[in-house]
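I'd like to ask you about the structure that follows.
We just call them A, B, C and D in the order they show up, numbering each chain from 1.
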């Protein structure tokens, strides 16, 4: 008797960068569950219809992906189990036979458009932009043979090379991008369970809401990390949502929640901030071992605690 | 002989929240220059085709408006001259005679969709979302009498009440929003000139890029403010754009660049950060006077400087 | 069968301020062991010849008492078990029959001289100062009937009123002091044992040596306290002794080593500083309850630790 | 017509370490003005009876010299113009013909005794200590031929080798010291005048009193230095004198008051602390050039200020 293959959700349809990321970390027999948007992909995991979701979290040009940052913490807990980076390059693609001069309107996801806007302004300055829900959805729409180009509303799409291939489109221009080395980082998200073991090259993701009406609250929060020698690799502000000027912060730090210095910092945050959410400790994609500053190793903490225990009993000072 | 009335650009078309904001701060005889996107609206000012632009910068639900944050500093300098907040409420509107049960697809700007997604999921769970470039553009498209609903691609839009009225649409549902008190803050942007005088209730907007590869750089940056008693009211991280994990920060602080403590903080940033951009000192929309911490008034600085001058000459210690 | 009464050492001879302090905290049947200097008094406790020592640690005019600060940590551990403050007022006293105009030389302890120097300069400007090893020793010497005034070397002493009485001297002037409200704080010192329970109005004394050759080491050390909301009430620099410019710090903080925030701070110091010595948690002499900043109570720590334990097991986030 | 040679005061009598220090920095034709104590030596300069005073400020074993730290700021301003370090080694000396076994009492200055106490305890454990006002005064007293040893009250002194020679005493033991490499740092003190020019290897001495009743005041004070990259080389706490637990700090920093970063730090202190006293900028005795952290050079400040001036006029952002 064999168990059923796992189902993983992602931002669909077929051919998105999310699918490319998923294929780097999913088992071969994974069942794909493409979703129309990121909240839906995450909710598939919450509702146990999927074992994991792969969603974008950060783009080197556009920054944090708000839908992911916000919906990871929107209802029942989810955690990040892995991360993967995908280079972002686009092709301009149309139905076979399309010529560049035929292109009067182009569709893609707004983030993709933002990354190609300079190229488009230079090469096809008269082209109108039609927003799409992903980089693949417009390609899929364009490929539908039953609809006229007039019905579709655009003659070309900006999508990734695999989507063009998947949907039988012809590449009108390759390597379309304002920055040639754009990257998007994706995360594998699961329901929480026992936290995995330390690998020595880990990251931990946290969501922290600052106490409001206290000058210097962000400074105080950062000191909870610095005083334990914990390095931040990402900090994104997100509105709390109830008023202008109130923030919570999505943070990545080097290290693992099973390590003492991370626990000490997190305990400090929990004591002083109204909301702290743990969003996972997982291996860094670059596998670079974390630099542990002198005096912040697990052993340093354990030796110090043992010394305090001795002090309390008058055994040693 | 009279001068020509001024032209102000904004995120169009007619009926957007941007236009609503503009009308709060523009002269009565302003010539409206609606633009298809935020970068275009800002470039109208840079190219002197408009005297000012009004663009959204921050939403209480969705956070910073990336297009504004990034394009304010994308090329030649612009500064913020004023700010204004607009409450965000949507109506669901369709062509006259449309019934709720006819609505299978709805279009609006992605930020608007994000703010109504819960309401839509609850009231019209089967409805498909079609992304638009503003909250008014889909209303304008729906109002075009020459196109069939099939050609338009959606039967209803989420727009502000004025847009529904301007474009002759019928309101199917009013007060559509997941959070009833959502606000968007807009800014009036101009070309830089002599900085205006202090009002005592001012804000200053800065863009600061951190030195990379230095642990604690964000903490150091915040200390440049705290050591002079300067309070931050907003901080938004934005990617530098060249690699994952590198940030610059868009910051609002209480106070005016003509005040000593702000100058001292800004000089500290300029000394230690690779990029500092000044984006304007302007009156706060709440007109609440800035609290000046003891020891940080202009007079405190002037007295201290005079004392140092005396010390250098041996006149007093 | 009864146990022998305890022996307490102090800076002698009879009549010193140290004896006055001792009598405030010692049992009635205490056996007095006056010592010629502070190191000797402390060593009496180390060698078990005394159960406790009472020594001065801080004067409001002269500052820290170096002999106490240094010798508390000079060899085997000692801890502070209590503190007591004594108002410091002096009398100028001589052999019966002495007149003010007879006084050409005065003797007392250098600290006492420092506190009376202004008064002496104003009232007896021609008088020579002869250093003594305590405020009582010169009184004792002056009282020795077998020695001529010429042999003694001075005609009057500055001592406390009880010493003048004890040694049969006549008060030539009372209330001698440059500052009328000078205080000296004394500590009761014992061998270490199980640390006593929290009273809620406790102090903890520590000795911390900074890592050298690291700019900002003092700032880092202080942050170990501030990040846990621990308030310092005293900080005294003392040379390490091996070179100019190297320091260790004697520190009093509000709170008890059995409290979580103090333990966390002390663990942080132990991790990052080459030397940390615990010198006792004991009731404050003013019995004023310690103010515990929000987020730093024992319960705050325990709740946060329980939350981390849940996180590790995937029980809650 | 020639000007009269200058008079310099110092802690006398002849043969003290202060005189040794003075001779390293005074002109050859200096007129020596030995004083009975440090306050007197400093007051000679205030009253224009001396052009300069040379006094000890810090000892590597005993720490700061309180009399100097306190009296430098006790009345009208004085400044430090130079510093010099003297190795501290003692000889045990007596009248010619004295044998070690004759020595039952020894006199010297209490600081000197503190540095030789271990040696004495080991070699002459039965010897009584008689306090002296300097290391030379007891030598001078012992050398007075008109007094019997009984009248003097001791048979030997701990003084520096020159004093033994000056007063015709015989060395009973040389190299007497618990730490063989003890150093004392002396300063040349003058009335304030125009501050000298920067040498690039300068120190600045300040006295700063903290605002009381403000938790973290010391941390805030240190940040005024750290935020401008200014390194502290010495910090000594001194009581304010009016109550237990109130401090001012004597501080040495690397750099010169004519340098921008030092001025900025000092202005910050002046704004936020109730008392700041400037005590001189002068060449370091080790002549090691000051390390200027990136972003804190005079040019960095000037460029930043020029940029702010441009910003105010709209010339550049």
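Rule of thumb we're sticking to: contacts are C-beta pairs under 8 Å (C-beta built on N, C-alpha and C of every residue); 3 or more make two chains touch, one makes a residue touch a chain.
Only a predicted model underlies this, so the values are computations on that prediction, with no experimental measurement involved.
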| item | value |
| --- | --- |
| Shortest chain-hopping distance from subunit B out to subunit C | 2 |
| Interchain centroid distance [CA atoms averaged], subunit B/subunit D, Å | 58 |
| Subunit A and subunit B, separation of their C-alpha mean positions in angstrom | 25 |
| Where subunit A touches two or more other chains at once, by residue number | 223, 226 |
| Chains that touch, pairwise | A-B, A-C, B-D, C-D |
| Subunit B partner contacts - residues on subunit A that touch it in the complex | 36-37, 39, 58-64, 66-67, 85, 110, 114, 117, 129, 131-133, 150-151, 153, 179, 181, 183, 185, 215-216, 218-219, 222-223, 226, 231-239, 241-245, 247 |
| Footprint of subunit D on subunit B - complex, ascending | 77, 79, 192-195, 220, 223-224, 226-228, 257-258, 263-264, 266-268, 270-272, 277-279, 294-296, 300-301, 303-305, 307-308, 311-314, 316-317 |
